[in-house]
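Two complexes come next, and they have one chain in common, subunit A, joined by subunit B in the first and subunit C in the second.
Then we have the complex of A and B:
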């Protein structure tokens, strides 16, 4: 059945595409994409391109959280675990085994998927809000594990240098010495990942995910094994957070135990909340604001985090739909007025 | 060997008394309102820093003033957190979890900006020590155990005998029926969060002098309280007291007898995972039917 639909889509490609492009959302998406492609033509300044690359990595990271929280209803505060694990694996493979970057990224993401499985299985016992604290403790423990010199030493005695202590892994070769190539590769990975995530939420599996979010008891009563689907959701989320983690390690040329801090899970949450929960692409608008505002407030990092936590409280409290949907509606109204409809 | 055993007994008891207070408050809020308060560590942190700030900047009466102000402020903050943040979002678990998490984060940053992000020490509340069977015990330790036992007893009495306490139990059993009986559920929940914050404040004042003051300690408190509550049973007060002692003795055993602080740092997650796999409702929890 599904194959037939896919075939239809492929055979009717031009008209299908034409239908899509005639919608308002598609136009906005295309304009944003063209804008992102034009950025390297406007400026070759590595600093600005670097900020844009960071913005895209955070978009992907927040989208993976948004998928889990917004569509499956599993609020995880341990998203940093996936980021950190994949970052460490990618960094290790590139630095010490001199793997090519894409292979390291793939392996890192696969390890993150396995961690999704590890987090997902005990998480099934943690119904509702308790999941949040379970995952939070998971990320705290990982932070401790990687930070603590003594455990790393114990580990080294037994298995050789693996956990690297407080310094982490540094001096990783980036994707490409040319920042513009790095920019476009990141852009491509981000677009493909967001497309896949959006597609999953619209597919049959996505419907089951939404059913689990809205009424878990009811879903399992209609003969769906919610356990398997929740594990699947954790693994999907782990995959994309893992891709973000690998890119993160290459973008910043290294990782340290700090990536396991609740701080990074907090970043994902605030970005997704600013964009709007349960809108995968909303993460982009949230990450844009977050990264650029963070860059402006770079001098006073603690102060900027303070401002962001106030913003998060205000958003959750007063504007649960975030920025994306209301903004799009306003623009559409404006558009209609301009066209005289 | 004997020394380390004595250390283990003393410090395990101290930590157990402190965590009993923290876990009781955490468990109370969950048991009564079904609210998972991620800001529990933040309550601890607020008192901690007020206490420290007054001690630093007010010579002479600093300790006393800091203690009083810390407790009053943290209780008020607890009430405000419930009224302003939790109550409007009570229908969505996701909202409550995120908003209290954000609040905890906010407090950490406020502390970093307004004080600093260094480690600090505090003096003991009462100096001196006594000898029991040839073992020297700090007076402060005795104060901690006595004070926390007294407060645990008082809270239990309060919940069982007083009118507000009875209302709290009624809301815990069935909020809807309680509101039909003329109990203002929102007010009772606000009181519950305030009691929980007060307990966290007491724990902070007793524990800070033998621990450190730093912006990140709130998270460790939160996670340990969570592990204790999972072990003792969600929403069960005796369970959280007993769980606190079990976890603290286990912690102290790894720290002072086996000298493996790494393992004791891993304890919370190990306990959480094992309990959830073997007995999800904890040692004393009620069976939940959904």
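Then we have the complex of A and C:
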């Protein structure tokens, strides 16, 4: 039975693809993808390609938050936990056990999924602002744990550095010494991840997730075990945040306790809010602005968070649905004018 | 006709207030029963206890011979009790089709829906409740009467044996009431056991052959609506003391 369905899907694929490609959204997506593939032809400057790679990692990280908040209604302020855990595991495996990068990334992401379970189970009893506070404190606990001020010195005297201390893990090898290969691998991972996330939101499970977001009591009255689905959502979100974390560690050649800071969770929220909540691909626009504006503001690093906070407030006030939808509408209008419709 | 729902000595205490007080009654399979009582009688609390949204302080609830006291709402739904809410609940940003599809994706609903395909089955339910032409719009822009229909549709998606309808007529115009009445009668004819509340006696009078009366959390009486309506305590509850002379 299942095989027949799969066969049917495969045989229907060309027509499905044709339907998809005929939509305006699909054309914009393809143009953006071609654009991203062409970037390394325009410049081989490692600095620029590095910025693009960072942009893709942040896209994935913000999309994982957007999935949890926008589609399941669980507003987490602890997304950095997944980023950090996976980053540490990936970095450790590459540096000290000399695992290949892809295996380290897979293991790091799986550990992040387990953390999704650990975060998800207590979070089930928390709703709304309490969930936000609970996840926030979880990321602060992780930060302190990996930083370990006074306790760490005692531990160090006896056993050596605990959890690598404030230095973190550094000097790990990147995916590839060739920045262009690193760029394309990151691009591929980002595209596949976003595709999977979007597909989940459109599947039957996605329907249940959206139902939980809109009305949890009503969902349980529809016979759905909301507990299991919420844990599942945390694990999926953890998986993709974990992938982003592993890539993050390899991109910056190391991790330190700073990745556990609530700051990184706020980055995800700022990016997702700029792109538009509950869009997944909106994170790409948000991350693009965020990373490039961040580079421009590099000189005024102390002020950058302030500036981004102001931008976030402006977005909440004037463009609460983010940039993706209005931008697509404007481009479509322009397109229609160009074609003379 | 066997007993499908058996409630025994059910009590629910909120700090200082006893909302349901030592309440016992039965519903037989295929029956069409009403629960009446003035506002604040504890009807909704009784429903919440049966559907698992609240846990009873004491007493037992048996469904189809099985003790369901203290089970979780989704477990109870998957045994075959579906309910609607007095204040309409819907998944606001999802299409009506998806609203119904959620119920069809529950383990119990899926067993039936799988044969036809989730979307096809959900749209057949939408057709049954008369909303099929609005399948692609979200409920936020629906009138109140359609939301009531949607509620019943959502309950039907789980393929229930027993349908608990909490005030299905509240806030509806006369015509809308008639649409819902026809729908409920049709469902009952299809073999679903229906148990519904209403605080206005007149609505239920013509519809159900048997009503259970409730006042201040206590069981008062049951029987054909005409008989119950002439019961002294029921009259007192609705109209106040000394009203039997008026009636």
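Note that in this section the second predicted complex is superposed on the first by the 320 of 341 C-alpha atoms of A that agree within 3 Å, B and C clash if a C-alpha of one lies under 4 Å from a C-alpha of the other, contacts with A are read in each partner's own complex, and residues count from 1 in each chain.
The rule is short, and it goes like this: a residue touches a chain if its C-beta (ideal position, glycine included) is under 8 Å from a C-beta of that chain, and two chains touch if they have at least 3 such contacts.
Worth saying up front: this structure is predicted, and the values here are computed from it rather than measured.
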{"item": "Subunit B versus subunit C as contact partner of A:226, first or second or both or neither", "value": "second"}
{"item": "First, second, both or neither for A:204, with subunit B first and subunit C second", "value": "second"}
{"item": "First, second, both or neither for A:110, with subunit B first and subunit C second", "value": "neither"}
{"item": "Touching partner for A:191 - first (subunit B), second (subunit C), both, neither", "value": "neither"}
{"item": "Subunit B versus subunit C as contact partner of A:132, first or second or both or neither", "value": "first"}
{"item": "Touching partner for A:302 - first (subunit B), second (subunit C), both, neither", "value": "first"}
{"item": "In the superposition, subunit B vs subunit C on subunit A residues touched", "value": "B"}
{"item": "Which of subunit B and subunit C A:214 touches, first, second, both or neither", "value": "second"}
{"item": "Touching partner for A:180 - first (subunit B), second (subunit C), both, neither", "value": "neither"}
{"item": "Subunit B/subunit C common contact set on subunit A", "value": "217"}
{"item": "Parts of subunit B lying in touch with subunit A, wherever the complex brings them together", "value": "36, 38, 84-85, 88-89, 93-99, 101-103, 105-106, 109-110, 112-113, 117, 219-220, 222-223, 226-227, 230, 234, 261-262, 265-266, 268-269, 272-273, 276-277, 280, 290"}
{"item": "Residue ranges of subunit C touching subunit A (in the complex, touch as defined)", "value": "51, 53, 72-74, 77-78, 82-83, 85, 89-94, 98-99, 101-103, 105-109, 118, 154-155, 157-158"}
{"item": "Touching residues (chain side subunit A, partner subunit C) in the complex", "value": "204, 207-208, 210-211, 213-215, 217-226"}
{"item": "Touching residues on subunit A, where the partner in the complex is subunit B", "value": "69, 73, 75, 77, 122, 125-130, 132-134, 136-138, 140-141, 144-145, 148, 150-151, 154, 217, 262, 266, 269-270, 273, 277, 302-303, 305-306, 309-310, 312-313, 316-317, 320"}
